[in-house]
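By written order: A, B, C and D. Residues from 1 in each chain.
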Amino acid sequence: MDLTFVILVEMLYAVASLILISAGLAVVFGMMKVINLAHGEFMMMGGYATITAVNLGVNIFVAMLIVAPLVVGLIGLVVERLVIRHLYGRLVDTMLATWGLSLFFIGMVTLIFGNTTTGISTPIPGFTVGNYQVNGYNFFIILVSIALLIVMLAVLKATRAGLIARGTMQRSDMAAALGYSPDRIYMATFFCGSAIAGLAGAVLAPLVGLVPTSGGAYIAKAFITVIAGGPSLIAGLISSSTLFGLVSQFFTFAISPVIGEVALLVAAVVLLRLLPQGVTGKFFKGKL
Amino acid sequence: MIKTSATRDVVTTLVVAALLITIMPQLIGTYTLTVLVVYGMLGLSLGLIWGFGGILCFGQAAYFGLGAYTYAIAAVNFGESTLPMLLAVLVPALFAAILGAMMFYGRLTDVYLGVITLVVTLILFKFINSTAGPQYKIGDARLGGFNGIPGFQTLNVPGRPNDYIWGDAYFYFCAIALVIVYLLVTWLLRSSFGRIAVGIRENETRIALMGYDVAARKTVLFAIGAAIAGLSGALFANWAEIVTPGLFSLGQSAEIIIWCIVGGLGTRFGPVIGAAGLAYLKFLLGQQSMIDNTLIIGLILVFFVLFLPKGILPAVTDIWRVSFGRRKRRGARTRRGRGGRQHG
Amino acid sequence: MSLNRRELLGGTAAFTAAMMVPQVTLAADTIKLGSILDASGIFDAYGRPMDMATRLAVSEINAAGGLLGREVEVIAYDTQSDMALYSQFGQQLTRQDQVDVVHGGILSASREAIRQTMRRSQTPYFYNVLYEGGVCDRNIFINGVTPAQQVEALVPYAMGQSGPRVYILAADYNYGQITARWIQKFVADNGGETVGVDFFPLDVSDFGATIASIQTASPDLIMAPLVGGAHLSFFRQWAAAGMKDRIPMASTTLGVGNEHKVLTADEGNGIMVAYNYSQELDTPANIAFKERWAAAYGDSSAIHELAVSNYQGVMTWAEAVRQAGSVEREPLIEAMQSGLSIDGPAGKITVDPQTHHAILDVHLMAFENQGMKVIETLPQRQPIDTQAVCDLQANPDDNTQYEIEI
Amino acid sequence: MAETVLETHGLTMRFGGVVASDHVDFRLEARELRCLIGPNGAGKSTFFKCISGLLTPTSGHVFMRGEEVTGWMPHQIASLGVGIKTQTPNVMDQLDVFENIWLAARRFHDVAEANRKAEDVIDRLALGPIARTNLGELAHGERQRVELGLVTVGDPWLVLLDEPAAGMSAQDVERMTDIIHELTRTAAVVIVEHDMQFIRSIAQKVTVFHQGAVLMEDHVDAVMSDPTVRNVYLGKKA
């Protein structure tokens, strides 16, 4: 019984962390059709921003939820202005450029921080369920990802910016026709996507051994989740994260972590073979 | 499409190849040259299916690795190199044919296709990477997990397992292999099959409406690309004398894509030059330790995309045309065209 | 943050200093030392300090008048964590640069990528890294700790601190697989029981399920030969679940790349390890070494086990050259096999003539406030694992890596 | 009675809850020219896609020259000798006119014959001066003409055209009309079209679609004067 509960928590955590990892990429890809291969490094920098802020005496929650998204969002803004802006509509070129950026960021962070940066401990203690100790921080991650989804939904549904964003997602030329500068929309989108990546990196930082090359672990997973989700931003994110999270955790518990990861990948292949446009290309059509 | 005459094309290729094979060893050690040639062939394999067939494969490294591992495993078991070389071409081709049929008959396109190939590469990588235990054996060959397989029989004269082809001879072997593959690719692109493949790249629906079985043709082209990548993998294995899971890695796949873009997509020579050039650059950078090399490569890529987006070869051709050209064909390769191809 | 910038500047200063001294005193004909390490890319946490150690050792040798009246020149290549570049630079070193000796290689795969090249070209090769043991090749010298030297001491100590039921979490590659087998053997030898063994490929970073299944098995002790950045996540998630003070833990790898500095004190304190070196070694040799390092690079915090191994490897080679009066391969090997020993920052290192491995001190330690506190020093331990299968004096043509059957 | 080249029974296509094509029964004879008309969303394009293999119908059957082809892929249908032109120009922008047409000819002939056929069609459609220009650089009317060329180069016995005259100049339309009339000497032709002027100039029999189903089928003049048709289609259009 205790074990069932532990497994349940781990499964929820797996889904939540997939949502966190993929959300930033989903925003950028969904709105701009740009695949940001530096997404993992944005997360990594979120982690470093958090650690630096905490070491400077900032409260850890402020550092994770405010400082890191802002810092990474600003880095994203600079990147968008200097590089991405020149490459809109050229899918493959943006991939090459962002791959270059990811290498650049790894090099920069190594130069600045070195390879042994002391991490920060989780601010929430573990707690006991029967005979088991559970990582209390898992609940925080689950909460953050739910909150993130709610905020995204609220922004898209209830604000003017969200309306423009939805319009842009469906017809990228529409917003321009209505007199909104696509340049500014893209700028804002990239800022948001980067900030969300920074948030994800910051929130996951206390659970991982953060080194400059940590970002590489996220990008493939995020990419697969976003593409498998299909065209609807939030519904796609939730459905594919849930599917992949459950499948991988099930096999992790049943067999081993490697089989869990392989199961996730196999699930992705099968899914895309059956639904070539992603989950929401078939279901939840036209939803967010 | 290729518009010069066939004879002229072959003669040019042979003359340029002969010159390069004679001159390059005076400038760069043959050992390093060998791997540049091998990478050139790998670049050509993706350049063929992507630049001319419009299939963006994120997992070309899978066939490279598969070729290398097939060779290594077979060489350990057979103790000679001829049959392993053949297998190293056939196994990746067969694998690609099955995977390709699954994808193309499922009408998967562009970015979805990219994800599937990426995922399949990751699966192979994860599998090979977790085979360190003694239970993972194929015949006499331990798969070795992360450490890979060292110490297999390297290339020998067919039928004489003790006469090794190595050193300078191996360089000439690889260089000639690349020339042959290059000529085969040229021939393929001139054939009806190649011209239809370019048609598919340009407009898949139209080619289907003409009555061509697009899925079958893409599958065949995909398998040909995999066969070339597999051959280059086997050549690599012979050169490095060890195969490791790194050959399957995401980084390796990305590098191949980068070679093609930097060299020039939609050309035959571009990906070859892009591969050899970037690999040599990496080699040169490794000789300095003042600045982090990851950082430099990253910067170079970004600058490339921003300032030389069409790739080296088309840029050089453009300059040549502007400087010396008499006939001006309008807009051979517009930016719009390039974007269109990537989606199509 | 500022620390590394200082490191960088300090490094440049050290080069300049090293370049200026010898010009006056030494002959133009240099001795070439090839170095081949991952100074960038995903393994740079190991490789960069090793590279610094090589340069420090050589500048000290040159400052003391060089070897045989000649200056030692470092020809270093950064393999960028790419195995293919090892093959390339290995060839470059032996063919083009024609170096007199090669030091380097970090992962076992990188060693195997260049070992045969070195053997064929008759270039003496020093692999200065803690590894799984069993390499038997007259052309190679290895001064890193092998499992028997380390595990044989660590397991009984750690079991004594906890209890007989042991759970093993190992990296899923050559090193982890072999080390896990050694751990099982010594657990059984000491009357304990192995209740579980899990292997993790190097890129696994999510250990929630593992932590739950460990709790189901409820062992007394965890032995964790885990490797690399992703695996560090285990120690953090373990602490986050509040397990750290419930089940004691020991590792054969944590700390060789200064991992104990990435973990916070709360996460690391109490983890038991056994190595040849610790920055906290309170010996005059180590204190002097740290001062010299700090003088060259501005700060000594980057030093780790592998860097010291590398430093000691270069120093051992230098001593052998002095004794042989030559950099040629045969006299060098003769000198190395003569029971040669040096005193390094980590104590006395003696070359084992039978295996070309090292006889060295192993310190039982525990993490304490991001340092490794020495608990007990076990002097001059023999590489008994490799000795059991390898005898280069009886069998000089041997060229295999034995996998020791236990 | 002439041979039936195209026939559908109860052809139905549903998208979710929407029935885009509702039990359509359709018959076409050899060398017949038939126009499909109807307001936007009437289902004529869906019907067109179902018979050309671009969509697989939810239920019902399609027969061509007596053979059941329901659910076939477009390339299989085209291989029977059916020429298909989709609504948006579907050509290969980076290839020149000759190459475009040659590719279509090569499907049914060997290389030498394909070369000859392609030259032939280029002459016939008066594309000679632009034969070596990439399609991406041509005007809309020229592109439409090229597409018609690559539809006809395979000597089809059934031609399916979706809005061939859309966006063309009066002169181009006139030329198009001639080409279509020539086509009907050897092939049956189905045309989906909005342009009533154009339909009047070529058509005899017209099928009117409304809400996925066939509303009526008659000679063009009869259709034009029918009040129901005027109501659902022409009335709104005017």
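Here are some notes:
In this section, contacts are C-beta pairs under 8 Å (C-beta built on N, C-alpha and C of every residue); 3 or more make two chains touch, one makes a residue touch a chain.
Predicted model only: the values in this text are computed from it and were never measured.
With centres computed from Cα atoms alone, the innermost chain of the structure is B. Between B-D and B-C, more C-beta contact pairs join the chains of B-C. With centres taken as mean Cα positions, chain D sits 42 Å from chain B. Taking the mean of the C-alpha atoms as each chain's centre, chain A and chain D sit 47 Å apart. Centre-to-centre separation of chain C and chain D, using mean CA positions: 74 Å. Note on chain placement: the centre of chain B and the centre of chain C lie 37 Å apart, centres being C-alpha means. In chain B, the positions touching at least two other chains are 126, 130, 292-294. Across the assembly, chain A contributes residues 107, 110-111, 216, 258, 261 that each touch 2 or more other chains. Residues of chain C in contact with at least two other chains: 40-41, 172, 201, 203. If each chain is drawn as a node and touching chains are joined, the picture fits none of the line, ring, star or complete shapes. All chain pairs that touch, listed by label, are A-B, A-C, B-C, B-D. Contact residues of chain C toward chain B in the complex are 39-41, 51, 76-80, 82-85, 87-89, 91-92, 95-96, 107-109, 112-113, 116-117, 172-174, 176-177, 199, 201-203, 403.
The residues of chain B lying in touch with chain A in their complex are 56, 102-103, 106-112, 115-116, 118-120, 122-123, 126-127, 130, 250-251, 254, 257-258, 261, 291-302, 304-306, 309, 335, 338-339, 342-343. Chain contact summary for the complex, chain A toward chain C: residues 3, 6-7, 10, 13-14, 17, 52, 107, 110-122, 125-128, 131-138, 206-211, 213-214, 216-217, 249, 252-253, 256-258, 260-261. Remark: chain B residues 1, 192, 195-196, 198-199, 202-203, 205-214, 330-331, 333-334, 336-337, 340-341 touch chain D in the complex. Against chain B, the residues of chain D that register as touching in their complex are 52, 54, 73-76, 78-79, 84-86, 90-95, 99, 102-104, 106-108, 111, 133-134, 136-137, 150, 154.
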